[in-house]
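Got some structures for you, see below.
Both complexes shown next keep chain A, but they swap its partner, so chain B is in the first and chain C is in the second.
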Partner chain A sequence: MTGDIMDAEKIIDSLNSKFPEAISDTNTESERRISAYAAADNIVEICQYLKDELQFGHLSSETAVDLIQKNEVDIVYHIGSYDHPVVLTLKAKLPRDKPQIESVVPVYWNANWYERETYELFGVQYMNHPDLRNLVLPDELLGDWPLRKDYEGFPQNTAKNLV
Partner chain B sequence: MDTNVGPDEMLIHLGPQHVAQPGPFRLNVKVKGETVQDSEVEIGFIHKGIEKILESKTYLQGIPVVDRACYLAALTNEEALVGSVEKLAGIEPAERSQYIRVIVEELSRIQSHLLGYAEYASFLGFVSMFMYPIAVREKVLELLEMTTGARITHSYLRFGGVRDDLPEGFEAKCKETFEIVKKGLEEWGELMKTDMIYRDRTVGVGVLTPDIARDLGVSGPPLRATGVAFDIRKDDPYLVYDDLDFKVCTETAGDIDARIWVRIAEIYESMYIIEQALDQIPSGPLFPENLPYDRRSPVMRVPEGEVFYRVEDPRGEMGFYMVSDGSDKPYRVKIRGPVYPTMQALPPLLKGTQLADVVAIAGSMDACTSEADR
Partner chain C sequence: MDEELKEKSYEQPVAKEQAEEEENIPGVVTTTSQEINKFLQKTKAQDFINWGRKNSLWFMAQAMGCCGVEIIVTGMSPMDTDRFGIIPRNSPRQADVMIISGYVTKKYLPALKKLYDQMPSPKWIICMGDCSISGGPFYESYSTVQNIDEIFPVDVFIPGCPPRPEALIQGFLEVQKKIEAKEDKGSGYDR
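On to the complex of A and B.
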């Protein structure tokens, strides 16, 4: 580790000053957890900056939350580090009827499977993803987006094509 | 992976059912002669939809469900769920319970590593080597059974505490068992240091360098075997790990042999942690006084909010992202398991190796497909 130890406040200041337009709603939940909203168009740029400048080299997970009442899908990135204990929860808001976002695979290699899973479970389209297809679901279930809140599920839906 | 095969190439499917795999997943390997050109991992054969199931269960009902995400690390899965609910609801677990949790979770780590080691020996063809660690692991499972009442899926942790106190005679039995574990590890260590066949197959095979391991997002023993001291118990401490003295076990070689040695060192370290915890454990109640829920009722409303809670699973970083909308059921749960990125990292790791080493390398990751699929 270099002498320059990152802490939560510093990281938030650095993000805010580098991306005054794209970063909003920053919040320090504790000294090890911070969160922020990112503009969906700038996500790759922001991730690259986090990785190169702020030692956020470890993508812990990437997922989505279906906010059906606001008619939104939130993409949630949990980005940690091997050098400091802060975990950043980065979110991007997408419209629920046509969720589309740039893939972060060029920055974080292991986002590949997370994005495939988010695609098949929520129907989020990742642009420029190297191999966007289903991962854990069978082919028949693709298009049903089972983790969305309005998924009907068993017994109306699940048994189709299986009998 | 490009599935078109050239004139001197061949596509081989390993799995989904294969004797040398802990769970069903498929590894498609393209070989040219004996050298692996490219490979691809397919998972999803035991996808259980645990994240969706949790959305329709109350928080308490979720505990036995996450047990089944990975039956080898049931207690750390429970810790991740219970810990995140506690963070959301603002419950501080009673101190005695925190120590008990550390003890059972470290026991769980020991049995998981012992099984991983046993399975691994059988992957290499040392079939009788499988039996010895399993016999010792059974002793460790007995300790867990006398505490939690179950060998594998425990449902033992509760919000703010644990279900039962440690049984009488637990400490003495621990000491007895640890002697057996240590004796076993010494014997097997001798084999691992001297057996030529074992060393030929493990030393310098499947090497990960620290930079590549970080880029691939690998955590747990495969990462620590490359020299990166990344351990959630130290880096993002939970429970009473801050008050306990232990070191993060690392090796530098990054090959299969190093991964096995990291696991063996961690078994010793876990035993040391348990001994300390048994010395330091305070007496007192198992639950804090002002619980926000009735312990006899399965219904608990959790305030609105979200949390990302990480624990160190035997296989690496385990995290739960939980969103609550103020009702008695979670709105969304994301399980970030350690095996998922580890399995994803197999194709780049296997590239250029020999076909005979594929099972050896894949097995050394100690992957649990059940948890990758969830």
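On to the complex of A and C.
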């Protein structure tokens, strides 16, 4: 990397000026951690811009948070950079009854298994994912979405030997 | 869901009468090995067989949770389980004892059943640790199979989280006592 090392403020400014509509609720938690909400429709463009222009080349994790009171599912991307000392937490709000978002596998190839796991545990449908099926969940549990807050399939009684 | 899991239960594996095809060879009277077994179990020869069996309890090195670390220690030289004839084996084909040493998930249960099927009879099962006995800290999880003793014929339970290697050796000694007293589930006595 030959460019400048950008600090948190510069990165947020760059994102805001490039995507004035799509980026909202930017927050500088510290000089090393920033967070932003992205519009779900523009998530691939934003990730492409982050990777190509801002050198955010490392998708550390991708997961979801089930916010049952707000009736929404937040997809959370933790994106790190090898050039800037900043980790970006990018979030996208989805409606809870039909969560659908574009897959970021064309940008970050390692999102493949993250998205499969988020799919099997939260039921988030990733559009244009190369191979969207369950990762570790057994087939008979697929469709129950076990990590959602209203999942009812937990054993209601304790095991026999505990009583 | 639970009924499906318990569908293939291993309770009384031998007592179940199955239609066995008799092979017709001219001049040879054939029988099934089960009948020899049943005949021997009524004689004193079974005592001698049990003496041999209890002193060569080879266990399958199949670690499933953090108790697997204790299994590894038990198989190492400081514990010297060889003096009881307890030797770790890497293949279920060569093993006599299966140690269920961790939480059994719904995903892993079919594989565990397959491993158990691959072991040659007689075979014994030790439940090691709280996880395999009752689910342990994970008893309320969406993917844990509860009450593993309804699925497999378990001879000995070793509580602990995890049990020390000495406790595991004690468990093996209890299996030996049960085999000697003809009270184990692995030999398939008719009761």
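By definition in this document, the second predicted complex is superposed on the first by the 153 of 163 C-alpha atoms of A that agree within 3 Å, B and C clash if a C-alpha of one lies under 4 Å from a C-alpha of the other, contacts with A are read in each partner's own complex, and residues count from 1 in each chain.
In this text, contacts are C-beta pairs under 8 Å (C-beta built on N, C-alpha and C of every residue); 3 or more make two chains touch, one makes a residue touch a chain.
Quantities reported herein were computed from a predicted structural model and do not represent experimental measurements.
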{"item": "Chain B versus chain C as contact partner of A:Arg32, first or second or both or neither", "value": "first"}
{"item": "Of chain B and chain C, the chain that contacts the larger number of chain A residues", "value": "B"}
{"item": "Contacts of A:His58 with chain B and chain C, given as first, second, both or neither", "value": "first"}
{"item": "Which of chain B and chain C A:Asn110 touches, first, second, both or neither", "value": "first"}
{"item": "First, second, both or neither for A:Val76, with chain B first and chain C second", "value": "first"}
{"item": "First (chain B), second (chain C), both or neither touched by A:Glu140", "value": "second"}
{"item": "Touching partner for A:Met127 - first (chain B), second (chain C), both, neither", "value": "neither"}
{"item": "Chain B and chain C footprints on chain A, overlapping residues", "value": "136-138, 146, 153"}
{"item": "For the chain A and chain B complex, residues of the former touching the latter", "value": "32-33, 57-61, 63, 65-66, 76, 78, 80, 82, 85, 87, 89, 108-110, 112-113, 134-138, 146-147, 153"}
{"item": "Chain C contact footprint on chain A (complex, rising order)", "value": "136-138, 140-141, 144, 146, 151, 153-155, 158-162"}
{"item": "Residues of chain C defined as touching chain A within the complex", "value": "1, 4, 106-107, 133-135, 139-144, 146-147, 149, 157"}
{"item": "In the complex, chain B residues that touch chain A", "value": "43-44, 47, 49, 51-52, 214-217, 228, 230, 235-236, 306, 308, 310, 317, 319, 321, 323, 331-332, 334, 336, 340-341, 344-345, 373-374"}
